[in-house]
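Pasting the structures here.
Two complexes follow with chain A in common, the first pairing it with chain B and the second with chain C.
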Partner chain A sequence: MIRLITALLFLLLAGAGCATMNKQQYEQPLYEMDVLEQSNADTLQIQEVSNRELENQKPGERPPLDSDEAGLWMVMDKAEFDYKSAGNRIDDQDLNDYLKDIVCRLAPEYCGDIRVYVLQVPYFNASMAPNGVLLIWSGLLLRVTNEAQLASVIGHEIGHYIRRHSLQRLHDVVNTSGALVFVQLATAVAGVGVAGDLAYLAAISSLQAYSRDQEREADGYGLAFMARAGYEPHEAGDLWEKVIQEVEASKDKNFSLLLFDSHPPGRERMTALDELSDRIVARGNGFSTEAEAFREHLLPLRYKFLQDEMHLRDFDRTEVLLDQLIEDGASLGELFYFKGELYRLRGEEDDLNKALAAYEKARSEAEFPPETLRALGLLYLEKGESVKARSSLQEYLALKPDCVDREMIIYMLSREGQ
Partner chain B sequence: MKTLRLAAVIIILPVMIMTSGCATTSHKAVADLSLRENTERILLMLMDIELSELTAGGVLEPNAAWTAAADRFVHQAISEKIASQSRVQVVDLNIGAEQLDAEERKLQTQLIKLHEAVGQTILLHKYIELFKLPNKSGLDWTLGEKAGFLKEKFGADYALFIYLRDSYASAGRVGVILVAAAFGVGMPGGQQVGFASLVDLNTGQVVWFNRLMRAVGDLRNREDAASSIDELLIDFPT
Partner chain C sequence: MKYRFHLIAAVVGVILIVTGCAHYTLIEAGKKVEVGQAFMVDPGISWSMAKENGVIIWTVDGPGLQRLIFFPGIEDGSPLFKASPGQEAEKMPIFEAAMTLLEVMDLLEATLVQRQFHQIKEHNLLPLTIGGHEGFWVDFSYASKAGLEYKGFAAGAIKERRLYLVMYTGTALHYYEKYAAEAEKIVKSIEFM
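Take a look at the complex of A and B:
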């Protein structure tokens, strides 16, 4: 824990970044990687921004041992040691290979430098450490619906890596307001006590946050990598739009804290991403979303991610999320089952009828979780509709003969039979 | 839970620093602890050492070059210290690491992580009066029986876990300290803190524990590193 504190103190962000919108930060990477046409005016702007303090991270480069950057790497190498054996790491080989493939498609130069770790945390987040450790939370995997959206996040994180944003922040902290660090940490921690784990995550994440300008620059890289690799760039803005909808529906303030404390205001970001995507697409063609490949690798894991999401009990937001996923249309039976779960657990007025309707909708799909039938059976029991209850429960046993609650269901059936 | 722990450490750290300079006392599971008679080997677990520079503003900036040097010197000092007082051989886990398969490597990492958590707990409850546990006497903490797999793998009876943090005031920080002192304000400079546990691999029990806490010392050179280890391993069972 002392190590964590040290790391936090060390990684602490000094200022909130400037609030003025700065298009250059978004555009610079796109010119650099030649995926945008530039006008003369743009060229002038580039010269202005390209006077940057730090060189880009080069492929295969390790900082010299006596540098401050090596200190950063050392801390993160140790953290990586912990991630490797973390209890909530998802080490599913297929998933990890797939994510690594996306990294390599986006940035083949850095393919050997970036290591992906997936952690089972039900919030929308990904982060990049200076030593090339890319952390992806399962909540992010639940929310993206195609490979291009996933690539937009991964490309963004690779942008942080290449621009060595952690080192830039270290310099900021040490040079400008180091003395404020303790105060800020104390305040951040003091605000945490109430909301438990999420607040803790939010505090950590805001402490580790990059400045808004860095986020803009990373967004620019994200788009540039996407365009170069042939991903449809508009998916980046679409993803943000979905996330903003969720945040607006959320009753939990920390949910947005995780995202927007440091990141540019959502609307600004969406507009900028969309406008740039228009220009990218106007210039080239053959961009794809790779939705099929994405579904093949991610859908087998989604049931578990949805269960985790339910446990957050932030129902109104989850409803928005489920509607987004339903609109996407993959494995509808599963989604309607969880919609039924949502209403059943929320239990507000008329929710039981809504739950029933959602479960029935799930059952009408070609594939659905067997648990749908159990849920239906129990709800019909509650409503006194014995015939429907019996047939649902019997179907459940037939569909999932080795279910853990088999004896219980048989007992219930025998009681209903009397 | 995590929040609480975080908050606890925020409280503990300053307390630890304030009480630094107190005499070192190690704790033993039993008063007259000695290594079992036929002990041949002690396994030195991967040490968790980190050296940092304390900048003017109070930011701890980890230094990789210092840490690499300290790791070497501490390692050497531990081997020499133990060799000087018994015939027990110190085996380095690094050397035998390739004997471990993926699952065992995971377990070993977990043990090191667990030791940090247990060690912090011992520090809190054995060394800080405010947090003394009324119903827990002696040294009664364990890493669990799973630690036993190391005994089979390495033929060692005990494992030694080391956790060290060392910081040095930068020139700027020294300036701040001097100015503050001129106004009668005491500002902390660099600190050497850490702890060591000896774990019985038959049971997983922590049989000996000590902490290090001082404002002097320097792990970046051989002699001073040896003196720190002398203090950390004071009363180390023979």
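Take a look at the complex of A and C:
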């Protein structure tokens, strides 16, 4: 609890330093990386707003051992040690290789410096530590629907890394609030926490809580990396639009807390990203979303991510998410099965009928999880329709002969027959 | 002398409160005992017993290494565990008396997720008669937040609209196996009160 309070305190302090909307913060990285051309007027404005006190992180660079930056790295090295053995680490080799490939496509010069860790946490988040640890939560992987959207988030995080935003924030916080707050937070991170603990992860995020101008700058880098690697830049704004829809439907304070306390207001961000994307696309062509590659690597894991999402019991938000995924159209049988699960678990008026309709819709798709038939069987049992129940459960056993509940279902069928 | 005893008791009490230690009592081997006014069981060996979050915990080597948890009659509309401090009560999955045994199994898994169990895998789900009532048995494995691997089993039955459940878990390395057979014998000895 102390760790969470400290984290929240840091968030408040970080938030207090927010600047007003600054379009140039978004644009500067795009000019710097020659993705967009700047006018003379732009140049003058950018010189006024730019804070280049710290040089960009160079490939392969490590901080001097007696520097404050080395202290930051030490705290995050401890966190990385925890991630390696965390109970909720997803060590699927194909997924980890795929994510690393995206990092290397976006920023080949930093490919050797950035390590990717995926944690099974069902909220939307990713973070980059100053020592090169890129942390991706499974909730993010559930929500992006193509590689370009994923690249927009990873590119944004690489932007924080290259601009050494953690160190910038350390200097800002120490200058405005004294070193004690930062020491408290670093102690919390280095203490007893482990990566499966949401409070611990919140503390880590807060240690890396950036100002809104830094977030804008990281957004600009995200777009610049995307454009340079040939990803369709409009996917960045599209992703944020979907996330805002979810936040508006959510009753879970963790969902928006982790997203928006330090980030620019969602609508501002969407507008800025869309306008810049228009300019990028007008200047070049051949941008792609890489939806097929994304589906090949991520769809095999989505069932588990959707199960985790259901456990959050934030049903109205999950309904928005499922509708977005259904609109995307990949593996509809799986999505309608989970829509049925949502209604069954929510249990509001008429939800059982809605669940039944969703399960039947799943069954009508070319592919659907065998669990759809189990769910249908149980629902028909509850409604007293024993013929349909028996037929669904028998079909389930035939489709998934090695299921863990086989003996129990055979027993239930034998009891139903008596 | 009496003053000294009170002083020691007070100091021990303060230490227990400050450190958050549970208060354990001995369950002696060899005679049947009542658990939570719900079951009579034969403990087989000696165990240490504590109460926490509405459940009863037995252990030999410490609850982080192995533990047998008794859920003594969960009422319709209640969660298996009371919400921990700071945990949102509405997120705890709820037992409903109309659930089938398969749905109870789903409830158990959803509850373990809320209790920060990771990588839960069920291995075997079987029908089982417990104390003369229709019930189930499931073997499972999971990892703690820090990545330590555990094994476990749960056995439960619904009687008079209440769920009676026993769950045994221990580290996959050594401590699960150490008393798994004893825990299984206890489940088989259950008599409902």
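Going forward, the second predicted complex is superposed on the first by the 369 of 418 C-alpha atoms of A that agree within 3 Å, B and C clash if a C-alpha of one lies under 4 Å from a C-alpha of the other, contacts with A are read in each partner's own complex, and residues count from 1 in each chain.
Please note the rule applied: contacts are C-beta pairs under 8 Å (C-beta built on N, C-alpha and C of every residue); 3 or more make two chains touch, one makes a residue touch a chain.
Keep in mind the model is a prediction, meaning the values are calculated, not measured.
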- [ ] Considering only touches as defined above, state whether A:A282 meets chain B (first), chain C (second), both or neither.
- [x] neither
- [ ] Answer with first, second, both or neither: which of chain B and chain C does A:R313 touch in the superposed model?
- [x] second
TODO: For A:Q120, select first, second, both or neither according to whether it touches chain B, chain C, the two together, or no partner.
DONE: second
Open item on the list: Of the two partners chain B and chain C, which one touches more residues belonging to chain A?
Closed with: B
Open item on the list: Tell me the contact category for A:L299 with respect to chain B and chain C: first, second, both or neither.
Closed with: neither
TODO: Could you say whether A:A398 touches chain B, chain C, both of them, or neither, answering first, second, both or neither?
DONE: neither
Task: chain B versus chain C as contact partner of A:L54, first or second or both or neither - done: neither
- [ ] Could you tell me if A:M408 is touching chain B, chain C, both of them or neither one (first, second, both, neither)?
- [x] second
- [ ] Report for A:S85: first if it touches chain B alone, second if chain C alone, otherwise both or neither.
- [x] both
Task: Intersection of the chain A residues that touch chain B with those that touch chain C - done: 1, 4, 82, 85, 196-197
Task: chain A-touching residues of chain B, taken from the complex the two chains share - done: 1-3, 5-7, 9-10, 13, 48, 50, 52, 55-65, 67-68, 105-106, 109-110, 113, 116-117, 120, 165, 193
Task: Residues of chain A that touch chain B when the two form their complex - done: 1-6, 9-10, 12, 65-68, 70-75, 78, 81-82, 84-85, 170, 173-174, 177-182, 185-186, 189, 192-193, 196-197, 199-200
TODO: Enumerate the contact residues on chain C facing chain A in the complex.
DONE: 85-86, 90-91, 93, 98, 100-103, 105, 110, 113-114, 116, 118-119, 122-127, 136, 138, 142-148
Task: Footprint of chain C on chain A - complex, ascending - done: 1, 4, 82, 85-89, 120, 194-197, 308, 311-313, 374, 378, 381-382, 404-409, 411-412
